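What follows is a pair of complexes built around chain A, which joins chain B in one and chain C in the other.
And now, the complex of A and B:
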């Protein structure tokens, strides 16, 4: 069997992942627009490689690990910085990965927000914890922030609601940067044949509301999911790119290319291809 | 000017053959076990210290010698820290897939299923179990017993090692009797015990044994063999010896990595508080986490195995633990602790999926690095398997083992959800995991043996008139196919 042709990862119709225009908007408009990309993933399709690719794009203009030496490479502003913050992975996890990809370490910053988070904040008021978290992020409106599994805050901070999390953390964070990329786990919404979602449960209601609000607030939604037929040796899963709720309100002249790739992740490298 | 050859192995400067590749004796800092492509679990400082220790053994000649000599060489005691001591730990070995250091779960087959020959240090493993069976409790006891055995190995080697223990267990449970329930080491069958006694006798120095050892091929005695043939024989022997030594070298190097346990025996003497610490789960989460942190700090230089047997068992955990805010906070805090001490800490938990909601289950699964799900067979399936394997009752599996997450690989984004690929069988001396294949019932053979059919009628009180048509299927799976001569009765 011949190997399928490798495809380039693109999100916009100018063949880019983060369009150059998105960087320039801030300098042209007096009222800066802030954008959000959303990555949704599940148990068998973790978004590690996609986050790395987006960091690469943010730092060097193109996802080199996915697309190879792309022609459509636009160099980013030297002053911008990419910030990665994860509620599930430690600092070393992304540090090792990005070092392996040889991403310029001066252009990204990894925040350690997982270590002793519970020990330090378990009895503190929610507002205080969210403010403290917010203060950890740099106040650079040209920066890109990648936030992994922020929905865990709904479980970690007792009584926190989806609206509160959005109002006190996600929206202020979005205003601090030009692009906020949120990765979230949607395992809860999948395979509900055996046990449907209990909508009377407060926790499940808040998580559902939060994920839905992210979809509405985002420009692009990248959904990673495993094949319906189960595990395959030559396919890890599918990456579906679709428009988010804000795609029509955006001032960008470029359009989102809705697409579905299959991808194969093995030995720390990922390849995209079509069906 | 040194006359030492370039390829020559440099001794450790103590006049002992410490440069033998592989494990060095306990107490002597090993530096040979550096691995290619390892996601260094040690901190850079630990690595640097390791190099210093190695440099200590180097004999450097020439003009640079003076400069090197002027550098104060730290003593052995200064070199000792968490990572370096763990290099000599019998329960730690490199993963053959990723190069990270792993430790055994106490079950060789589970180690294989985890793909790294163990659980990587700094990782957490969740064993889920469906139904009302308690297979996961066996696994958690094996995990604990293995840690105690590591510790006792160090105590036995007390003369060689500076510290008398190398492993500490932290149990998050109210059941203090857990320590007394751990399985003992499997000593072999009666025949094995007899054999080992005989070999022991033979290994003793006696005139008869020495005579037997010096046996030569009979043809040497029969006639004068040409010297060339004799040389060929000797070369063959050498080659065989080499082959055996290379294969056994790996096994010998990690011979204390895995142990076989007998679940009907008990680990004696029972573990003491110096080997195992209990923390009650009904304490506030911050107290639990602080206590664990203190125990880890108190037991520096030791492998820490944190165990949560029967997590969220209603008898042990208060109702508020079944809300997200408490259980997720606890596991998130533990995850952070395990990652912080990633070079010497592992976590294993078991949970019954029947007592928790889907939301809680998904959130807990999200926080673990590896997840195995045990699905015991229902009664009718077990009866079917017993009938199929009537002549080989040892072959009857007890359930399916689903792999939901594998350490390292799943994090990287690889799809490692393997449902119904493995089956498990719990025996007295081993928790076996093997590839699951649908058992085939040969219709012809059963037809040709009416007596056997009759027997099965007597054994089982269900209606056999429909037996050939019925097929048990689960979760809407396709019905079993009926080829000409064979019948697949169950489809999982």
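And now, the complex of A and C:
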């Protein structure tokens, strides 16, 4: 069998993942613009390689590990910082992964937000916990923030609603940076395949509302999922790039390239193919 | 009927340029097609008029749109102060300024149901147009108050709105049908080809008399054109001989001669109709055992 041609990972029609326009001075009428990318994934199709590639892009201009020797190797010399905050992984996890990719460790920062989270915050009011969490992020409006599985907060803070989480955490966080990349697990919706969402179940209602609002707020949605037909040796899953709710609202002159890739994650690397 | 002489596209154009007084407009949108392009269309239509005053009330938008004169971020000032703030930004009703006053609300979904009607009524005024978005697919919260028979937000807005734009993506040239689309959106597998510049709206225009006109239109946000929506799927079902070719090893098609013969077959019900062409009658014929009594009214009606 012939191996299919390896494809470059691009999100915008100027062949970039994070367009220069967004990177440069993200201002319009001297007002800062803020954008959001959304990654949705499931257990069988974890988004770590994609997050790593996005960190790499944010730091060095293009996803070198994914695209191989890419032509548009433009390094970001400015002092923008990339912040990674995960609710399921400790510092070491991303440190090791990014070191393997030879990403300049001065350009990114990994926040520890989950160690003893419950122990520390057990009796505190929700608003206060969210404010404290928010204060851990640098107030640098040129930064890129990557947030992994923030939907866990819905379970970690008693009585937290999706609206509150959005209002008090996600939107303020978006205002702190120029690009917020949110990775969310949507396994929840795949377990009960053919049943509609149970609107009397508070948990499922809140998480559905949360993910829906994220889709509305985002510019690009990257959906990772396994093949409908089951497992394959040469394909791990598919990556669908589609337009989010803000795609028609953005001030960017570049358009999103909607695409479906197949990807194969092997021991150390991930490769993309066209479907 | 007066409405048949009306051109729906012109009516839409008038509504979008705020030429007709319409106090409260609602855009029902979804992830598949958001209302932003329709709002841009309104902005495009009113931009020619003497500088419009546009106030944007943002519940979920972070970036101030370039067209907005005032930008009110609800998360910064808190929901209770919104109306106060907005009203201080608006001109008074007795001021005879000719400019158009537009208030845009991104998504009424974030207003608690118990506050929704008071929020709207406190902003709508004769000199102000309130343009709001409501996401159809954002599930509503579990109601906290115990009014069993109170309508949900979507129904409530339908009662209050003077113009309703129900926005859907155009699925004509896509591989998905409506059910598949809903199914994949429910699972957050967002397919390609959504949020395009061409989309379908179901436009409900409510007259002052209470009568509403409903039209399906296609809006092209790039060319700024509005056309009547035509359902192509239904037209394409007419059978042609080519459709039957190559389906089976049997010959399913009919030749011209066979077709002619088929047309000449007189169908039985057609003959039955021609017999009593002048109307129907019941003819009663006496038989030898019949005992007919003229005096008895119940014996036989004839």
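Criterion: the second predicted complex is superposed on the first by the 264 of 275 C-alpha atoms of A that agree within 3 Å, B and C clash if a C-alpha of one lies under 4 Å from a C-alpha of the other, contacts with A are read in each partner's own complex, and residues count from 1 in each chain.
Convention: a contact is a pair of C-beta atoms (placed from the backbone, for glycine too) under 8 Å apart; a residue touches a chain by one contact, two chains touch by 3 or more.
Note that the structure is a prediction, hence the values are computed from the model and not measured.
Superposition of the two structures on chain A shows chain C fitting alongside chain B with no clash.
Residue contacts after overlaying the shared chain place A:239 against neither chain B nor chain C.
Note on the composite model: angle chain B-chain A-chain C, taken at the C-alpha centres, equals 120°, rounded to the nearest 10. When the two structures are aligned on the shared chain, A:90 is found in touch with chain B, with no touch to chain C. In the superposition on chain A, contact of A:217 is made with chain C only, not with chain B.
In the overlay built on the shared chain, the residue A:172 is in contact with chain C alone; chain B does not reach it.
By the document's definition of touching, of the two partners only chain B reaches A:231; chain C does not. When both complexes are overlaid on chain A, the residue A:187 reaches chain B alone and has no touch with chain C. With both structures placed on the common chain, the touch criterion links A:39 to neither chain B nor chain C.
After the two structures are overlaid on chain A, the closest C-alpha atoms of chain B and chain C sit 14 Å apart. Common to the chain B and chain C contact sets on chain A are residues 197. Looking at the complex, you find that chain A touches chain C at residues 28-29, 31, 33-34, 40, 161, 163, 166-168, 171-172, 174-175, 186, 189-190, 196-197, 199-200, 202, 205, 208-209, 211-213, 215-217, 221, 223, 225, 240, 242-251, 258-260. For chain C in complex with chain A, the touching residues are 31, 34, 36-37, 40, 60-66, 75, 107, 110, 135, 137-142, 186-195, 197, 221.
Contact residues on chain A toward chain B in their complex (touch as defined above): 43-50, 87-90, 92-93, 96, 114-119, 122-123, 149, 152, 154-159, 185, 187-188, 192-195, 197-198, 201, 203-204, 207, 224, 226, 230-232, 236-237, 265-266, 268, 270. The part of chain B that touches chain A in the complex is made up of residues 39, 285-286, 289-290, 293, 323-325, 328-330, 332-333, 335-336, 339-340, 342, 357-359, 362-363, 365-367, 371, 404-405, 410-419, 475.
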